[in-house]
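Common to both upcoming complexes is chain A, partnered first by chain B, then by chain C.
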Partner chain A sequence: MVTARELYEERLNRIKTAVALGKPDRVPVVPMGDSFYLKYLRVKLADSCTNPKLFNEAILKAVTSLGEVDGIQHPSFSVYLLSVLWISELKIPGRDLPEDDLWQVDEKELMTVEDYDTIINQGYKKFLDDYYMHRLDNLNAKFQQFVESLPDAIKATQDMGIVPFSPGITTIPYEVFCGGRSMSEFLKDLFRIPDKVQAAMDVAIEDIVESARQFCRAIKPIATWVGGWRSASEFLSPRLWQRFVFPYYKKLVQAVVDEGVIAVLHFDSNWTRDLEYLRELPKGKCVFSPDGTTDIFKAKEILGDHLCIMGDVPAALLSLGTPDEVHNYCRRLIENIGPSGFILAQGCDIPPNAKPENVKAMIESVKG
Partner chain B sequence: MGESLTTYMGDLMEEEVYAEVKRQLDEGVPPEKIFGELQKGMEIIGERYQAQEYYLSELIMAADIFKKAAEPLQEKLKGSAGETVGTMVLGTVAGDIHDIGKNIVALVFSSNGFNVIDLGVDVPVQKFVEAVKEHKPQIVGLSCLLTTSFDSLKATVEALEQAGLRNEVKVLIGGGPVDEATCKYVRADAYCVDAPAGVDIAKKMLGVA
Partner chain C sequence: MVSGFLGSGKTTFIRHLAGYLVVQKEQRVVIIENEAGEVGIDDRFLAREGFQVREIYGGCICCQLTGELTLAVNQIAERFNPDWLIIEATGIARPSTILNTLRKYGKGIDNIFTLVIADTGRWEELSEIMPELIFAQIAEADLVIAGKIDEASESALQSLMAKAKEINPRAEVLPASLIKGIEEPVLRRLLQHAYA
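Moving on to the complex of A and B:
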């Protein structure tokens, strides 16, 4: 009888081998399906989305009934995490939406041009504390509940022999400002007041790096997400991307890696144009995790000897496809992107309307 | 010089665009002509976007410059009822509040001569039906960014069918997860990779390409 501990070590070893670009005994599978798990269990989204303990229980219950996974990306979740990432308001099921509707980020222009000056002159922390309190209804208190729940969620996952792979999320100032200003306003700022935006980013990144370091030291995760959404190559010209996006990722990823933690580049939308740049990130210490939009085969070609790749079963395939189609897609990934330096997962997140049989087919596919 | 206004617009030279519009207005150039030059500039933007010289960042900036530059012309253009290529009823479907893609579509279509009726985000199915009855568009544009909105897309198309309006319009869909399979699933006429591609498809459908 294999104990949970032994199972955990075996699975962790499988994942770590893949991240270090080696060839594990088989390709590991590390899914994430926050809202899907709740739907699958027929648990109301409204009850769990602001209660990280309930969320952790639901994730573990769902994932163990769907198949044998090596790890899960988030052992717990809270919608307030999204509010922190993009300093935006949310539409929350049970509060602003029907109890079983999916939460959504309600992007408005909450951050002003003057806020860049506040950040530059008074510091990012001062700006953020004030913003959380007055513009996001004391967000810090709500978010702390999530942070405090993490150690128990991580332990509960480990106790089941499952690797709680990447419990935290951090990102660059571009994402935060873009969410706060709203995407359209922010993109115009990059044309009209580029120097001011950059000066504010240069202040903010220092605090973000420090927070990421503190998180790594306190939680000691195996990996953490360094996420990218609005800063994807497809949304902005190379000139802007090279100035406002990549230097900040480089700094943040290096800090995470320096703490002995794997950086998961959870990169949604299309990053194909700039894949070459990612070769500047520490070799064998990061995971490139595209969402089905970036050309994953191109990613393998350019990054295959440098970064582990994780992904990328598309959301639409999981919701509209058949188990056979999912199986075939996964096998194609396992054989062509793997078997070395590859972790199988969905692209981005398993959507709430995914068919459970498709998720099962994905998890099962690593066995052959 | 009309040509330079077009070039300024295409090159996103914001201050020069505004100054040139003002200069031409002061000199008594007909507002229709000035507006036409701005539209030509937007065509350059669209071409450069498709050639991947420009990205969403430039599209959004261009849209803003275009809107501001056209403001002093709007009053004068009223009544002269400029020619339109066609009418489009546009919105993000019920349950989805994403607006950026939809706004870009509105701008790119209007700068290409379409009369765009923008119904906003989280648009109930019935509102689309009523808008089609009222505005009699040739094109209905449905946007979404969530796979959970696929059923809203489908419901909207079905409602048009039930109202007997489906044959009157072409339904174009677009947004992050939308692909050919989605198009088939919701029974739309075409899916658009991005806004300029949508304009091409719409123009072909209307026989004005």
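Moving on to the complex of A and C:
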């Protein structure tokens, strides 16, 4: 009889071998499906999305009934995490939306052009503390509940023999400012006041790096997300991407890796154009995790000997396809992107309307 | 399917088009709002005017939208069987991302016609900042509307029209103000394209 501890070590070793670009005994599978798990269990989104303890219980109950996973990306979740990432208001089920509707980032111009000056002159932390308190209804207090719940969520996951792979999320100033200003206004800023935006970014990244270090030291995660959404290559010219995006990822990823933590580049939308740049990130210490939009086969070609690749079963395939289609897609990934340096997962997040039989087919596919 | 970057005037355009189809052509019309990254007020605006509107949202970005959108299309085909289904595509997606899924899994679709609203007022800025997305939206469209010409210089309009012709020679480019309404000849021309 294998104990949960032994199972955990076996699965962790499988994942770590893949990250280090080695060939594990089989390709590991590490899914994430925050809203899907709740829908699957028929738990109302309103009941769990602001309660990380309930969320952790639901995730563990759902994944263990869907198959044998090696790890999960998030052992817990709170919608306030999204508010922190994009300094935006939220529409929350049960409060602003029907009880079972998916939460939404309510993107609008909450951060002003003057805030760049505040960041430059008074510091990012002071700006953020004030912003959380007065523009996001004391977000710090709400988010603290999630942070405090993480150690228990991580332990509960480990106790079941499952690896709580990447419990934290951090991102670069571009994403934060883009969310706070709204994408449309932020792009105007890049065009009209680029030097000021860059000066504010240069101040903000120092505090973001320090927060990421503190998180890694306090929680000691195996990995953490370094996320990218609106900073994808397809949304920005090469010149601007090289100025406002990549240098900040490079700095943040290095800080995470220096703490002995794997950096998971959770990169949504299309990054194909700039894959070559990712070779500048530490070899064998990061995971490139595209969402089904970036050409994952091109990524293998360019990054295969440098970064582990995780993904990328598309959300639409999980919602609309058949188990056979999902199985065939997964096997294609396992055989062509793997078997070395590859972790099987959904692209981005398993969508709430995914068919459970498709998710089961994805998890099962690593066995052959 | 109506695409175009955030704030280009898609909802205003859809309001005029849907009104024309319902009132002048006595067609049954359903609208899907499929947005990420804009204040969610536009759909309420359309619904208040009496249009049948279905909203589709993704959690944070487009990756989850296409599956939800296709399921909505299939439900609408089954329940309402409309003559026209107008989809307002999210401003930060390439039309092909949505079209590929719709063509593979969509039901009850006779024909898909794609038009893009290019923001003439912000043409210079957007083509400098995000050329790939803006040009892809034009390249993948059957018809290009050069919108907001009242907010743009003549040179911006000429630049847009020249670039549109260069990257998508098969698509006609129709200038329009949108905010002042759309003249009936333009709407008729649009329908000719859609039925072609």
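Brief remarks on what is shown
Assume the second predicted complex is superposed on the first by the 368 of 368 C-alpha atoms of A that agree within 3 Å, B and C clash if a C-alpha of one lies under 4 Å from a C-alpha of the other, contacts with A are read in each partner's own complex, and residues count from 1 in each chain.
Basically, a residue touches a chain if its C-beta (ideal position, glycine included) is under 8 Å from a C-beta of that chain, and two chains touch if they have at least 3 such contacts.
Note that the structure is predicted; figures quoted are calculated from it, not measured.
On the shared subunit chain A, the superposed partners chain B and chain C overlap sterically. Contacts of A:108 after superposition: chain C is touched, whereas chain B is not reached. Legend: residue contacts after superposition of the two complexes on their common chain; A:320 is shown touching both chain B and chain C.
In the superposed pair of complexes, A:82 makes contact with chain C only, with no contact to chain B.
Applying the stated contact rule after C-alpha superposition, one finds that A:61 touches neither chain B nor chain C. Touch criterion met: A:351 reaches chain B and chain C at once. Of the two partners chain B and chain C, more residues of chain A are touched by C. When the two structures are aligned on the shared chain, A:237 is found in touch with chain B and with chain C. By the document's definition of touching, of the two partners only chain C reaches A:229; chain B does not.
Touched by chain B in one complex and by chain C in the other are residues 91, 102, 104, 106, 183-184, 187-188, 190-191, 234-237, 240, 269, 273, 293, 314-316, 319-321, 351-353 of chain A.
Residues of chain B touching chain A in their complex: 12, 14, 52-58, 60-61, 64, 95-98, 100, 103, 146-148, 150-151, 176-179, 181-182, 185. Those residues of chain A that touch chain B in the complex are listed here as 91, 101-102, 104, 106, 183-184, 187-188, 190-192, 234-237, 240, 269, 273, 293, 314-316, 319-321, 351-353.
Chain C makes touch with chain A in their complex at residues 5-7, 36-40, 57, 59-64, 66-68, 70-71, 92, 94, 97, 101, 104-105, 125-126, 128-133, 136. Residues 35, 82, 86, 91, 102-108, 182-184, 187-188, 190-191, 229-230, 233-237, 240, 268-269, 273, 291-293, 314-316, 318-321, 347-349, 351-354 of chain A are the ones that touch chain C when the two sit in their complex.
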